[in-house]
Structure formats: C-alpha cells, structure tokens
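Okay, so chain A shows up in both of these, paired with chain B first and chain C after.
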Partner chain A sequence: MNTEIEYTRLSGISGPLIFVEGVRGVGLGEIVEIRDASGAVRMGQTLEVDEQRAVVQVFEGTSGLAMQGLRVAFVGKALEIPVDRDMLGRVFDGLGRPIDGSPQVISDRMMNVNGLPVNPWSREYPRDFIQTGISAIDGMNTLIRGQKLPIFSGSGMPHNLIAAQIARQARILTAEEEFIVIFAAMGVKFDVAQFFIDSLQESGVLTHSALFLSLADAPSIERLVTPRVALTLAEYLAFEEGMHVLVILTDMTNYCEALRELSSSRGEIPSRKGYPGYLYSDLAAIYERAGRLKGHKGSITQMPILTMPSDDISHPVPDLTGYITEGQIVLDRELFNKGIYPPIAGLPSLSRLMKDGIGVGRTRNDHAQVAAQLFASYAKVKRIRALAAIVGEEELSDVDKIYLKFGAAFEEQFLSQDNEENRSIEQTLDIGWRMLSILPRDELYRITKEEIQRYYMPERGVK
Partner chain B sequence: MDEMIKGRVIAVNGPIVKAVGLDGIRMYDIAEVGPDRLIGEVIRLLDDATVIQVYEDNTGLRPGDEVVSYCRPLSVLLGPGLIANIYDGIQRPLVGISEACGSYIKKGIKLPPLDEKRLWEFHPLVEAGARVHPGEIIGELQESPLVVHKVLIPPGISGTLTSIIDGAHTIMDEIYTVESDAGIHHGRLAEYWPVRKPRPNRLRKKPHIPLITGQRVIDFFFPIARGGTAAIPGGFGTGKTMTQHALAKWCNADIIVYIGCGERGNEMTDVLTDFPKLIDERNGRPLIERTVMIANTSNMPVPAREVSIYTGVTIAEYYRDMGYSVAVMADSTSRWAEALRELASRLGDMPAEEGFPPYLATRLAEFYERAGFVETLSGQDGDITIIGAVSPPGGDFSEPVTQHTSRFVRCFWALDKGLADARHYPSISWIDSYTEYLPDIENWWKNLDSQWLAVRNEAMSILLEDNRLQQVVKLVGSDALPPVQQFVLFVAEMIKNAFLQQNAFDPIDKFCSPEKQIKLLKVILELHHRGVDLLKAGVTVREIAALDVVSQMVRLKSEVPNQDLDQMGAYSNRLAHGLDSLMSGYPEGHADARCDAGALDPTKLAGGTA
Partner chain C sequence: MDKMDKTSLESAIRDDAERAISAIARNEAEELKGLDDAYAAALEDFKKRTQVRMDDRIRQESSKVENRASLDLKKLKLKRIEEFINRTVEEAVKGIRDNPHYKRFLLNAVTDAIGRIPAGAEVRLAGEDIAFKEEIRQALKAKGKSPDVAVVEDKTIKWGGCIIVDAAGGRIYDGTIERIYYRKSPAIRREVMRLLDEHYGNAG
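Showing the complex of A and B:
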C-alpha cells in the first residue's frame, strides 16, 4: 500500500484533469486524495497510468489548484461508499457525503460505486405491474417493476412534476409493498432539488427516500459519480435488504455533458456532437443497473429524466438512451402548449416490458386491446388533423369528424389529469372505454367481439 | 504444452494495456494480465511494447504487474455441450459463472466452456485402420434431442486411424488416434479453434434454397437464401430485437447461434426464459435444443463485445462443417462497431467517418464473408446465414455502419419508424427494403407454385402504386381520387393488414408456411382482379368493402392453421360468390343497405390481430 506516499510533482492541469509525475505502483481507477496548499482535500480517480505518470480526474474540479504545493496520495482502491438502511431519510452530496447536518454514515459494509456487470443468466424477467396512477403511463406505457423507463423532456416541460407524482403514487397491486425512492440530481438547480424534497416530505415518503444532490453549482465532474453512488445504495437495499427501489436520475443530459467535458480535456477523438465514442457503453453501465435478480426479493426500477436539446429526439443523449432503456415516455411540446398535464406524447412513447406485465391476473383482460386500439385510433386522429389542416375540417367525412371529437376527448380526459389525481388501473381503462365509445363500433378493429360486448357503451361516450 | 513467457505492464489506459518483455508473442495471441490473470489479446506489436486489449474490467491494474502468455491465439472450445448453453463474448459459461460467484460477474473468473465431466455416448462410423482426411466425420453422438453431433477429424490432420473407442466418454477422454508422417494426433470429442480464423471448407457454392422464416414480409417479398447475409437496420423502438427473436424462433435452420452483442440484459433474459418453453412445431421440441447463445450485454466489458461475434460465427462454422444449416443472429452489429471505435480511439488510430476507424468496412466485410453455402471438407452441404441488426444513431441510414453493411449484405430489411409507431409489426418497410436473392431461389418457390414471382411482383406493384397515391391523399384526401385508385388504396391496405402485418404472439399467425403465404396473397389479388371488373360495371369501392367476406379476409392469417389450408379454398369460393352477388345486383339498381359509415375507409381494416 502506498497511502503513506504523497506525490507533489505535476506536469499539467487541464480541465478536470491533473497529471501527476513520478508515481509508482498506482492502479487504474484508484481513488486519489489531493490536498492543496490550504489543506483542503479533494477527491479524484486515476484514468490512465504508466510507469511514470498518472492522469487523475478531480471530482470537485481543478478550480484554484496550482502546479506547486499540491500533495497527492493514492488510496489503493476504487471509490467505495458505506451503505446502510440508515441512509434512508437522508440527504447527501454528489459523492455520497451527508449535507443534511447529521453525522457521517457508519457502516461496515463498503461497496465499490462502479458495481459489477449482472450476469444475464441471473436476471429475472420483470413482470410486475406498477400502478403510477397516471393514465397515459398505466394505460398505454405501463411501468414494470425492474424496468428502466426514461422520461424524454424538453426545457420548461413538467418532467419533474411527473417524476414526483410517480414517486408519490407508485404502487404494486399484488402486494402491499412500499417503494423506496432514491433520487440523484446531476447539475439541476437548487429549486428543482428542493421541489423533490418538499414533494416527498408532504406525502410522507421522505423517511424512506435517499437523496444525492450534485447541483448546478457543483463541479461538473462530480456528476459522473453521482448516479453511480445512488445506484450502489440502490443495489444494496434491493438485493441485500430485499427492498423495492425506484431510482430517479435527473438530468442525464447534464451527466453526458460532464462526460463530454472530461473526454475533451483528455483529447479523445469525439464521435457525434463531440460526445465520446464510449457514451453508449458508459450510459449502459448506469442504466443496466436496474432489474431483478433470481433468488432476490428486491428490485431496482429506474426512471432517468433527460431534457432533449431543442426537443430533438435524435440528439445523441436521448438516442443512445432509447437504445438501452426499455422504452421511453416522451413529453410533447404541442400538448404542453395546449395546457394538458401530463403532456405525454401518444405515439412515440413506448414501454417494451408492457406486454408481459398486463392482462389477466395482472391488470385486466382488456388492457392490451384497449391500449392497442387507443394507439391506433389516436394515430389516425393525427393523420386526420394533418389532412384537416389542408382541406379544412368541413371537408372531412363524417367518420373523420367523429375521430376529431375522439382525439380532443382523449387528450382532455384520458391523458389529462390533475397532478394530485391518483387513478386506479380500472379507472384508467374505464376512461379509455369511454373514449373508445365515441367511435363507431366498427372502428374498434383491435378489440375482440367479446370485449366490445362487455365494455363498449356508445350511450356513455361523450358526444 | 506451449512455452510460457512472462512480461510486465508498463501502462494502462482503460482496457488497453501496454506490456514489455513478451518476446516471441504473436499478433492475436492471448495474454493473461495482472494478479487476477485477466484475459487479454495482443492487438498491436510495437518495437518497444506489446499492446493488449483486456476482455474484463481491469480496474486496479497497475504498471509492474505481471503478464503471462502461452503464445496461443484466442480460441473457442468446440465440442458437444455447446447447444442450449449461454456464453459471454469469450466463451465463458454464464450458468457456471452464476453458480460460482452469484448474480454478478466477478473479474478473473475462469471456467471450462464445456462440461468436462458429462458423458457422451459416442458411436464410431469409421473403423480403425481406415485412412482419414481433414474434416471427415468419424463418429457421432446425440448432443440434444434435436442435434446429432458429428465428430470430425480436425482440419489439418490426416493419416491412418489407428484406434477409435466407442461408448461413453467425456470431452477430456482420448477417443481416437491418427498416425501420419507428421506424428500421432490424439483426438478428443472437443477441439480448440482460433476465433479470428475462418474454418476451411472444400468449396463455396451458390445459395439456392430460401431460409424459410415463417415471416411473410421476408419469405415472400424480401427472401433470404440459406448461406446468405441480411441486415436489419432500424432506430430504437422499431422492433429490431423482436424481429431477430421471431427469426431465431421460427426459421428453419438446424442450428441457431444467437449473439446478443452490447444489447439489453433483460432482452437476453427474455430469450433465456422463452426458448426453453417455446415448442418448435416441426418437431415438437423446445427451441433451446437447437440454440447456442452468446450474451455480452451493454454493461459487460467492451472488448469482449468486439470478439463476441467472432466467437459466435466460429461456433456456427463448426456446426456447418457437420453438414448443418446454421443461422447466426447478431444483435447488434452497431454495438460491435462502436466497440471497435472505442478501442481504436484508445489506441490513437486516426478516425475516418464519425470517429470510426478506417478499417471498419474491412472488418464488416470479413465478418459477413463467413456466411455462405459450402461443400464441407467431408463433402456434405452446409451453410451459414448471417442476419445482423444495425442500430443507426437517430434512425439515420446514412451513417457509416448502415452504409458499409449495406455494401456487404445482399438482403436489406429496413425497419420503418412510422410502421412501428402505428404498431404495424414486423415494421419492415416494403419501400426501402431489398433482396438480391430472388433469382437464386426462384426455382425453389416455382416448384411450390409456378406463379410465385408473378404474384409477388403484382402485389409489389400495388404497394408501390399505393405509396405514390398516398402522397396525393395527404394533400386532398382519398375521396378526391377516382374509384379505380381508391380501390388500389383499399387493396394495398388489405395487403398490409391481411398479409404483411404479422402477430409474433398469435398461436397461428406467428409462423406462416410458404404454402399458406402464397394462398393468402392469391386471395387478395383475386379480390383485386375481380374488383377492378366490378368497378367497371358500376359497383362502388364502398360496396365491395362492405361485403362480410371481404372484411373477413384480415382474419385469415390468424384463423387458418398452416395444416388446414383447405379452408383457404373454401374461403376463395365464398369470396367469388360474394363478389358475384354484387355483380348480379347490377345494372338494375342496387339498394345501398349494407353500407355503413366507415366502410369506404380502408384503414378500418388495419390490424385484425387483436
């Protein structure tokens, strides 16, 4: 061990990196303690080592560091945090240190924040329906326990409200098990963090939540560690303590920008929009830490939030995220401008695990058909609206006009609900049927005759 | 045993390690790095150092750590026990790893790829004293209820078979010897083969048999030949993985090698839980009994992802050499290309397009070239079909991986975001997709039905006409079109909903036999031919659409079983009868009683898969 040895010779400082000379026997990914002339300590991690030199990424940033007067010590192991049940109800900084005034967590269980890859053989396929109380999600883009389902948003849209509503309302129908909420904030404003704290507090969920805050004024490089610290606690609580954990990560775009910053200061060859070529693998290392494991009771459900720069879903961050996560909830600027909350886009939103988590014994027999029919009919509404914009509404056929009526009702009554409103899945499906009952019976081609007989009620349809 | 050489680490940059002292080591030899003996491969030799890419997480590795090598290339162990097994990218058994170290993959773990204790009942097919040649089949054993495993003389070995022992053996037992001038070869049931070196064959043949996938849009419109190559490009959410799963489940290859390369963990879990339960209709056995799986999910080490497709295709070649038809599904080759890019960037290679190294195209070509229809060394036919998913960033097909892939594959199944959004699966676009195998497999289909190509081309021309008309409809609505064109829209919609769209979860629709495919499409075209005549006689599109027998058409795919195609004949008669009834109603005037409001609208027939 070389914790005793301190190095003082630097050959450079660049962005979040310092280059330490003359080091011996230092490993890749080791934690580094950097003490500046005033005695203040920062933490870092080695990114590259050779026989003379170590490249160190400083989590707190290099602002104020000088080439002279630094003392650098290598700890000899990767970043570890103590994990314990007692961390619930607490607030930590982005590196996992308490900032709520209460003492440091004491635990003899230390875990490496980088985690280990889960053996695909050891995974349990997620199938348990989570009722979020939000119709657009429960009815059409069902969240499943152990799923990673991101919210793709844009600046100004109410992704935080939605995430907080989900955190408050999420329930498993089959068992009386509460969710533990772990909240990781990367580069978000103080008021956003405060909003979550207040929201969790009001609903009494705060006592079984843990918050990791790396706010906008914290060094950007710290954000690279924050989700890992949060997920490490989540893994401990889920797979060693048997809890069901909901992890909210916001905002992943800020995380990716920090990664881009680091990559560019290392002089790496960029791929799209300056993001490093390994952005996909790096995001996967975070997102794949969700799921269920065979022989373990707990689960990790992930809900990353990201803002799409200029609402562009093909931007590398949402694009690569969509390739890794099991679907996406997309917020729609047009719905938002219409004043609809939650403005969850009908068509581009998707839950890949939905098909195995709904139906008889999980939600209701007609669920899959209602969802498919709503998707198809709403897709048609979009086409008819495009046509109406050109030929005028008057010129539309009678059926098309009924579709427009359906479209409006669907947005105002099915999608739209109050921020405090917690709908059961039965309520959601019933509203769905009320919407479908606006349409002529023959238009419901994705629903079997039996289900139509049972639920189709044109007299109840809003005319 | 090869000689062991030792060196030491001088620099570590992510998974790329530089070492010195490894004199005599060759390119692509295996090196074991550090105290955990992490597996790595030599990827570059410099005058002052050896560059090694490490296949495992190498956090904590430090300069000065030891590196050892036996100067052997990275190889897979080929033998009985591969079937139904699941491996990581460097052929470590994932089941064994979970038994040894729990839910997570701990680094440095080493386990034999094949069960070394399991006994296999070996039946020799050749007697001692015979002259044997490379690739010759000298015996067989039952590997799974579906697969008879042929034991081959390894490539490069020939001479006189001096002994061969039947009975129960493990892969460790010596079961035969071959003597030649070069010395004595002691043969076992399993042998190593370097992953980056294609296994030899006697000659390449022209592919001429279609790989029947049971997916109508593929088999009928964009078929692939056994021994061919195909790419499935599509943005996220377009159903690449679902399409790959459907192909792996229902295509008529003897062996499936499924490579999950840098994709989601839960998707592999889905395959792992599904395949043992799904029953192959052709033989009544679980699909897992013909499947080998390689899973290197997105969070597993990147270099192992790069090598996983070679591991998979080498296993495929081994079964091809036994005379089998093998299908390789690689999901996704983009993740493989990204692994290549990531490693190239760490090596400081000069990038070409979008940061990908200049050798991307060469590597892709080499990989797809390992597909083919061949005569094996033992004189049998064997083939490998490679189907690679491509994940273009932003769904943009002009990016380098899609572009280069399309140069080397002869079948291109483009997935369409619009179709996927409308939940039309498989979302293979009939406008952007193509196949070059039509002339190769035409004879096979013509033996089934001489009109195949004519039927296909006619249906295709209706779809293309529809595509053109849709541009007009977008501007003026369908009501403004003349009846004949409205009817084209109607028939095209019928082709889309009653034929192209297929429900992978419907017990009947999930697999559609070629016989049923052609009958289905013929019925639709019959409607087209007769309908055009009816329109001339004054019947309206609305009236044709309103016939019960016409609206039943969309349900044929999920109601008529493959084994009972007589029902198709009966339906065809009913259709003719129904259309006749319209004709007889003219020109004396016709009560418009059957019409309901939505009948004109062809889209109301969408689906029928509910």
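Showing the complex of A and C:
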C-alpha cells in the first residue's frame, strides 16, 4: 500500500538528536523526514535503532522543534541524491538541494551518498601530472591525478585564494577527457562561498563546476553530509561519465567540529581534544573516496582544505588527515607575513605521489632532480639563516652568503607569483634553474652532470 | 713650397674634418636608426602584447557569455518542465474523484491502516470525501473490523486520500494523494521527461 507511517511519540530532543519511540522495521542510517506542526520538513538520519526506539540526527538542527506536533517518517532507504552531468554549473545546499533558483535536475540515476563500495583490487595507482600553474605545487609538490593532497592552512591565510586559483587553472596535460571541479564548502562564511562562485564564473569555468554550500549559518550537522554528497556526484561523473574530477573540500576542520558536536550530544567518550575516537576512520571514509579505478577513464583527485587551530600541525585534524592523505601542502605564517603569495612552506610540504607522475613523457626529464635540489638547497638556507641569527651575516662564509641570496630569490621569484599567474611546468622548471644557477656548480649535488650542462646558467642566475 | 705645404696641410685638415663630420653624421644616423628600430620594435611588441591581452580578454568574456547562456538555457528548460509537470498534476488532481479507481483506493487505504491499529482509530478525510463515510464503515465491517470509527474532516487534505490517526500507538498513517505524489514525484518527473524526450527529443 501507499500509506506511509509517521511516528508522533518522542521521548526527547537533545542537541541535533531526537528520540522516537514505538518504531518498527527501521534501519540504521535510514533517511528520516521530520514534519513540524506547520508542515515544514527537515531531514535526518537514524544513528541508533533498537526494538522500540530510534535515535535520529536532524541535519537542519532541532532548533525550534517541539515534541508536541512532530511527525517523523522513516523513508526506508539511505540518503540518495539524483546525479547527472546537468548538475554542472549549478549551486546546491549542503544536502544536495538546488539553491540557485532552479528546480532539481531530472535524472534516472540516484546514488547513495555513502559512496560506491570500491574493491581495493580494482583501484589503479594514481599517475599523470595535474598542472595547477602554481610553481610551489607543480615544481616541488606535484599534484597527481587521483591523489588526495590536502592544504594545511591557518586562520586568515589565503587558502581559499589558492584553492580558487587551482580550480581555475588545473589542467591534465596528458589526458583528453573533460576536467571538472566540484567544490564543497562546510561552515564557510557567505563571502567565501561568493568568492568561489565569482571566481569560477569570472574565469568561465562555472559550467564545468558544481558547488555544494553548507554555510557558517547552516546547522552544523548538515556539514557531515556535505562532503559525502559532493563526492557522490564526483564518483558518478568520474566513474560513469569518464570525467576527471577535482574535489575541493573546505573547511575539513569545520566538518570535524560538527562531528565532535554530534559525538558529544550522543554522550560518547571523547578522545583527543574532545573529538570522537572514530575521527580517523570517519575522515578516512571521506578521503578514501578518491583515486582511479581499473577499466574507468575518469578519476577523482581530492584537495581538502583544513585550518589548523593556532597553526598547530599536531592538532588531531591535520595529524589524522596526514596519516590518510598522500602528502600535504602546508601554508607558512612567516612567508605569509613577508607578503609572499602563495605562502607554501617549502620544507614541510610534500606530495608522496610526485615521483610517479613526473619526468619524461609527463613533465620534463630534469623535474625530479630540480625539485630535490631546490628542497636540499632551501633546507640549507634555513640552517644558514638560523646560524646568521646567532653569529651575524658578516661572519658567514662566502658560500653561505650565496645561499642566503639564493633563499631570498627562491622565495621572491620561485614561490611567489601573482594570483592570476598561470605558469606552465616548463616556466616553473626554468625559474627553478635560474634560482639554482645562483649557487656554485659544485653545490648542485642532486643533479646529474648532463642536466647541469644543459640547464645551468650562472650568468642568468646572479642578479 | 711653403704655400704648397700650407695648402696641402689645410686640405688634409679639411679632409680629416670632413671625414670626422661624416663619421659623426653616420654614427648619428645609425644611432637614430637604432633608436627608431628599437622604438618600432618596442611599439610592435607593445601592440602584440596588447593584442594578446585583448584577445585573451575577449575569449574569456565570450566564454563567460556562452557559459552563462548555456546555464540559463538549462535552467529555463528545467523550469518549463517543472511548470508543465505542475500543471499536468493539477489537472489530474482536479479530476481524481471522477476516476473509477479512486473510491477503491480510498477504502483500501482506510481498511489497510485500521487493520494495523488495535483500537481507537480516527479517519480524517477531505471535505469532498466525507460522503464516503458510510461506505468506509461497510468496508470495515466486511473486513471483520469494528465499523465504529470516528470519521472527521481534515482541511489540510487538499487533493484527496486519507489520514488515519492511532493516538494510542503514537502513529499516523498518511495515505493522502499529496503525500503519495510527494514521495513519487522524482519518478513522475523522470517519466514526464522520458515522454517529452520521446515525443519532442531532448525535452523540447
């Protein structure tokens, strides 16, 4: 029969949770519709079910709900969203409902937001270089198709500018398939969301993007669903439509805060800094929805952004994220204060898959060597700066003074670039060589003689 | 001899001076030409760069306009389809009580729900359906259930169907047409889209 059962007996409302009594045949993770006395509908999901009672988390929050007059219907399935390539160019809320004034897309395909069950064997190793046009990333922390590479940022730093620049400029040089961007915002302010919309619109890539926005004023529980909804569309576009998808998730710290709020409402035993003990596995369930699958053309590359409270990289959110992802781009407060954009820290940033996506046929033969030498030389600059702070610059050796000159040039010319500047990988490597040419030839111990012969040009390096 | 010497010296000096003057003039001309060439080259370079920038800007602007147009078109199509669906549903709902299956649907919905309630059920119907009160009681009797149920009008039911309230069990059985349409609207939208595609190609 078409008759639908609604439950009206509630035993409590606590934080984002409601407790429904007398339920029968309800499943865990089932989607719930909650109608208040005025008929307004909120959505939720069952978190716990026993013989008589269901605990429901309400995505839109429970603010304004009264126990009297509430009607709770269990829909009988997990949260699903319609998926279609017509969703590109559209703006949705954190639950996947359109908020751009047009109706929901009409699609034959509904997908569970909890993701495709991917057999680990069917995964393919990420390869192929994604050119972001940013030297600090392309040259030294290369993003690879199918990789998950987070940006570790801090309050007030330009992570959104960098993410938007990547979204505008990212290209796969070795692939023909469409490259698109899916952007999920969790707990970000309206101006940040508007900045992303404007930025994508201005650069003409909005038709190749889909935005899911759960803003700062939206109920925090909605943030738990937003990345899953965005990744569901990404999976459809990548593995059924054969597109290359870059998913930008910002800000994952807000996501974790929402998880902490929910966990505390459920009375769970808190772990580090009050986050639930399952924070790692919960984050992994999101971050692992990236990569390539055998027999499928498309791919999902993930770029989660998270802000580190007090710039603390040992905070549970960046710490656990670092365990799961394949490297990290770290923004440096010191570089930021010097006015360098993008302030990508040279040394703590790392792309673990870089080695597999660069070199002959992908970028350039000398790429790996240039990157390694730049890392090594910049590390030495840091040591010499520390020494100079103690003994004074005058006491340094001539070579050390040259290193200081290299360090300044590296930060001002290689790391630093305009927000609109889109450098090709050749340009990036050429700038890298110009920086390395400041150093004496003998100091380039990570580069072969042949490459030095070919690219080393001291007359151009010294300025 | 002196006079000759003086003349040849003068002519030698004059020649030297002329040579020097012509060398200066030549150098000057070369320098001027060099400056002119450099100026022309700089101008040409500036023109080229300006042209490239302008071309880029035009390309970007036209791509923006194209993107916006294609998006607007997509949204407009969706809105039109939505309006079409809403009109169609409104029309269908207006005549729902003329449908020969409606009465059976209503009676089945009521008896099925009441069959699951031990006692004390309340049947809520739209004003137009209150006339079915007696038939509902007959149907309940035929199913072996007590026909002694409260049947009341519910103004929130607009399209038809019924709501059965089990106050003791804390349950409401919603069998309204509104709820059925709400639940099935994604499937209905897909079906309308399919039919439009079939008849008009790419949804009109």
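By definition in this document, the second predicted complex is superposed on the first by the 453 of 463 C-alpha atoms of A that agree within 3 Å, B and C clash if a C-alpha of one lies under 4 Å from a C-alpha of the other, contacts with A are read in each partner's own complex, and residues count from 1 in each chain.
In this text, contacts are C-beta pairs under 8 Å (C-beta built on N, C-alpha and C of every residue); 3 or more make two chains touch, one makes a residue touch a chain.
The shown structure was predicted, so the numbers you read here are calculated from the model rather than taken from an experiment.
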{"item": "Which of chain B and chain C A:D108 touches, first, second, both or neither", "value": "second"}
{"item": "First (chain B), second (chain C), both or neither touched by A:P82", "value": "second"}
{"item": "Touching partner for A:E30 - first (chain B), second (chain C), both, neither", "value": "first"}
{"item": "Greater residue coverage of chain A in the superposed arrangement, chain B or chain C", "value": "B"}
{"item": "Which of chain B and chain C A:S122 touches, first, second, both or neither", "value": "first"}
{"item": "Chain B versus chain C as contact partner of A:E21, first or second or both or neither", "value": "second"}
{"item": "Chain B versus chain C as contact partner of A:P440, first or second or both or neither", "value": "first"}
{"item": "Which superposed partner A:E6 touches (first chain B, second chain C, both, neither)", "value": "second"}
{"item": "Which superposed partner A:A372 touches (first chain B, second chain C, both, neither)", "value": "first"}
{"item": "Shared chain A contacts, counted only where both chain B and chain C touch the same residue", "value": "none"}
{"item": "Parts of chain A lying in touch with chain C, wherever the complex brings them together", "value": "1-9, 21-22, 39, 71, 73, 82, 86, 89-90, 100-103, 105-108, 110, 201-204, 206-207"}
{"item": "Sites on chain C touched by chain A in the complex", "value": "60, 63-64, 67-68, 70-71, 74-75, 78-79, 81-82, 108-109, 112-113, 156, 164, 169-175, 179-180, 183, 186, 189-190, 193"}
{"item": "Complex contact set, residues of chain A against chain B", "value": "24-30, 47-51, 77-78, 114-126, 146-147, 239, 268-272, 276-278, 280-281, 284-285, 288-289, 291, 293-296, 314-316, 319-320, 322-324, 326-328, 347-348, 350, 353, 355, 369, 372-373, 375-376, 379-380, 386-387, 390-391, 395-399, 440, 442-443, 445-448"}
{"item": "Chain B to chain A touching residues, read off their complex", "value": "10-14, 18, 57-64, 86, 94-95, 97-98, 102-107, 235-237, 260, 262, 264-266, 268-270, 272-273, 295, 297-302, 335, 338-339, 341-342, 345, 351, 354-355, 391, 393-396, 421-423, 474-477, 479, 505, 554, 596-601, 603-610"}
